[in-house]
């Protein structure tokens, strides 16, 4: 077993277990901490795929910013215990789980069935492995072909900043009475 | 035809299956949980699963576009989280609870 | 491979921390049971139980604005690494101007946040 | 012993040694801080145990280890114990990615009856291509330690302290990240080793097709990016929660912020993490703006020739050269660590609104201005 293979299985196992932790733990604080674990695992998987810069961005944006926001919100709300963590009714619950299982099975089956054609594309690919300066190539592509999307995202972020502030701003703290 | 190749030859398929598993976890979370914040977290999980498959395709097909898409998806996910949590805060202020059954009172 | 090194040192650090905590708990002096000792430390006055501690929503606003601006800053990183290369390739003005447009949006957002007093702490 | 396993063991040992160096520096820094503060405030400071009070370090360690194990009744066990253990991780991971000395190029040599091929031994935990991004990423994880400690203690003051600390940390992370954009523009890379390499020799740059050289100044980043250096260093103070930005802890007036309920070795682990952030900030300062491990005006290769002139060619000269540069790095770093201490005992604390205003309304716009100015100057200089 080569180190790369070991790393993949280790990371895949950790990530999936952490993702299960997100949906299973009844306390939202543990959910969000499991989600942090998942994000770190996904970042590590990006590294095994050679996307170093994206792994860094994943950590900075998701683990460092978005999830800090989640943790802070949960702490502000001070949700001690959750009475209705899951949806009620065993029948609907079973149907929902069955639906998820069906979807998962379908996706995995589709991947398994198309494995041959995927392998073919892989061999036909222009270059199977992107090595070295993938960050610079990323930057160049971002500023040539995808410039419009990039500027549009700038505008989107501006709108979100304005909107989120307008939504969240009110007099008093989190527990203001109305 | 079950051979050890399945375990020792890591290819595109492995990453896609991993991505599918993560996506299903996220979807189960959205369907099963009642806490609005946990719902948002599950959506983040699904977006991340998609990111994994984007990066895997980008690597195995030798094209950078996948990574650009991941960049964009991350931005949009963060924006969605910011707005979603702002909504959660305003709901919490009204009902002191973030259970989704309070969302239906929001109309009008 | 750096990833292996990172994983190794993380595992090592966790082991080190746990070992130290375990050692400290073994070497520590004997416990003297006293119920008051284990209460929350609130400077000696009796612990106050209030149902909801009001926490300013400002913390949360700061975090939201942090996310937005953090992403905008992250977008500048690939631009910053390729800027000199683009100059050498003769696309300098184009890249400079496209980033300039993005920066204008950034500056406008920052200006708006300051103007709307979303960043005021009192 | 196989070649691969030998390399893996050498790298593992190297990482552990660098980590232990970092841990060992902390008591020395504590001693320095106490003696230094005493010097600044015209007191004696610790001077009883051993010469100059140096054995105080040992006494402190023993004291930390023999404190009573304590767990608050409202605490959450897992989070309460996980927080101090994870406090070590971000700073250590970041520190290991910084090049601490010139790489040692070893020729083939004989050991255990085998010939070992030429190696390049890096005085660095691991070399990461996207060095800066990695360091920013792992240090952004430090907020969780604080939040976990605040929540796990089950104390509302700890929670408030944690929220304040993490708000402050993330606010200044913006200014820090933006000031680094100027640095990346200057060097055109994320790689820390490449940054150090491009700072070698005397100050010389290209301006509109002419090469301008100033032979008496080293080619350090500080001469190109003075504003970025200032903002980066100030933001680093805020990131490591030290005075004048220690609102969250307020050791002297408030209780202690997020670590009210911690004592003994658990507190010490937080302490190591905090000093680790100081060390990382100082090391990054040296790497970005002050030429890294290089001796001013002499490149490592030239220095190697000098050393070889003294000792003769061979592996010994290469090792001495590498260690020499490591010592140079440590000296430069010590200067910035001393400034950390000096500032702590010189400036009073901000108010919380002043702190937030400084981060958002002063440092962020200035860092933005620095970015625009740098880009414009590079554009003008290269056309």
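Per-chain residue numbering starts at 1, and chain names A, B, C and D are given in the order in which the chains are listed.
By definition in this document, contacts are C-beta pairs under 8 Å (C-beta built on N, C-alpha and C of every residue); 3 or more make two chains touch, one makes a residue touch a chain.
Just so it is clear, the structure is predicted and the values come from calculations on it, not from any experiment.
No other pair of chains shares as many C-beta contacts as A-B.
Once the centre of each chain is set as its mean CA position, chain A and chain B turn out to be 5 Å apart. In this assembly, the C-alpha centroid of chain B lies 34 Å from the C-alpha centroid of chain D.
Averaged C-alpha coordinates put the centre of chain C at 17 Å from the centre of chain D. Inter-chain centre distance (chain A to chain C, centres taken as mean C-alpha positions): 18 Å. Contacts with at least two other chains are made by residues 74-75, 78-79, 81-82, 85-86, 89 of chain B. Within chain A, contacts with two or more other chains are made by residues 53, 57, 60-61, 64-66, 68-69, 72-73, 75-76, 135, 138, 142, 153, 157, 160, 164, 168, 170, 174-176. Among the residues of chain D, those touching two or more other chains are numbered 128, 133, 159, 163, 170, 173, 190. With chains as nodes and touching pairs as edges, the resulting graph is of another kind, matching none of line, ring, star or complete. Listed by label, the pairs of touching chains are A-B, A-C, A-D, B-C, C-D.
Taken together, the chain A residues at the contact with chain D in this complex read 29, 33, 36, 40, 43, 52-53, 55-57, 59-60, 63-65, 68, 71-72, 75-76, 135.
By the touch rule above, chain D contacts chain A in their complex via residues 79, 128-130, 133-134, 136-138, 140-141, 143-144, 147-148, 150-151, 159, 162-163, 166, 170, 173, 190.
The touching residues of chain C, counted against chain D in their complex, run 2, 5-6, 8-10, 12-14, 16-18, 20-21, 23-25, 27-31, 37-43, 53, 55, 59, 62-63, 65-66, 69-70, 73-74, 76-77, 80-85, 87-88, 92-93, 96, 99-100, 103, 106-107, 110, 113-114, 119-122.
On the side of chain C, the complex with chain A involves touching residues 1-4, 7, 52-57, 59-61, 63-72, 74-75, 77-79, 81-82, 85-86, 95, 98-99, 101-102, 105-106, 108-109, 112-113, 116, 118. By the touch criterion stated above, chain A contacts chain B in their complex at residues 1-2, 4-5, 8-9, 12, 15-16, 19-20, 22-23, 28, 31-32, 35, 38-39, 42, 45-46, 49-51, 54, 57-58, 61-62, 65-66, 69-70, 73-74, 76-77, 79, 82, 84-87, 93, 96-97, 99-101, 103-104, 107-108, 111-112, 115, 118-119, 121-122, 125-130, 134, 137-138, 141-142, 146, 149, 153, 156-157, 160, 163-164, 167-168, 170, 174-176, 178.
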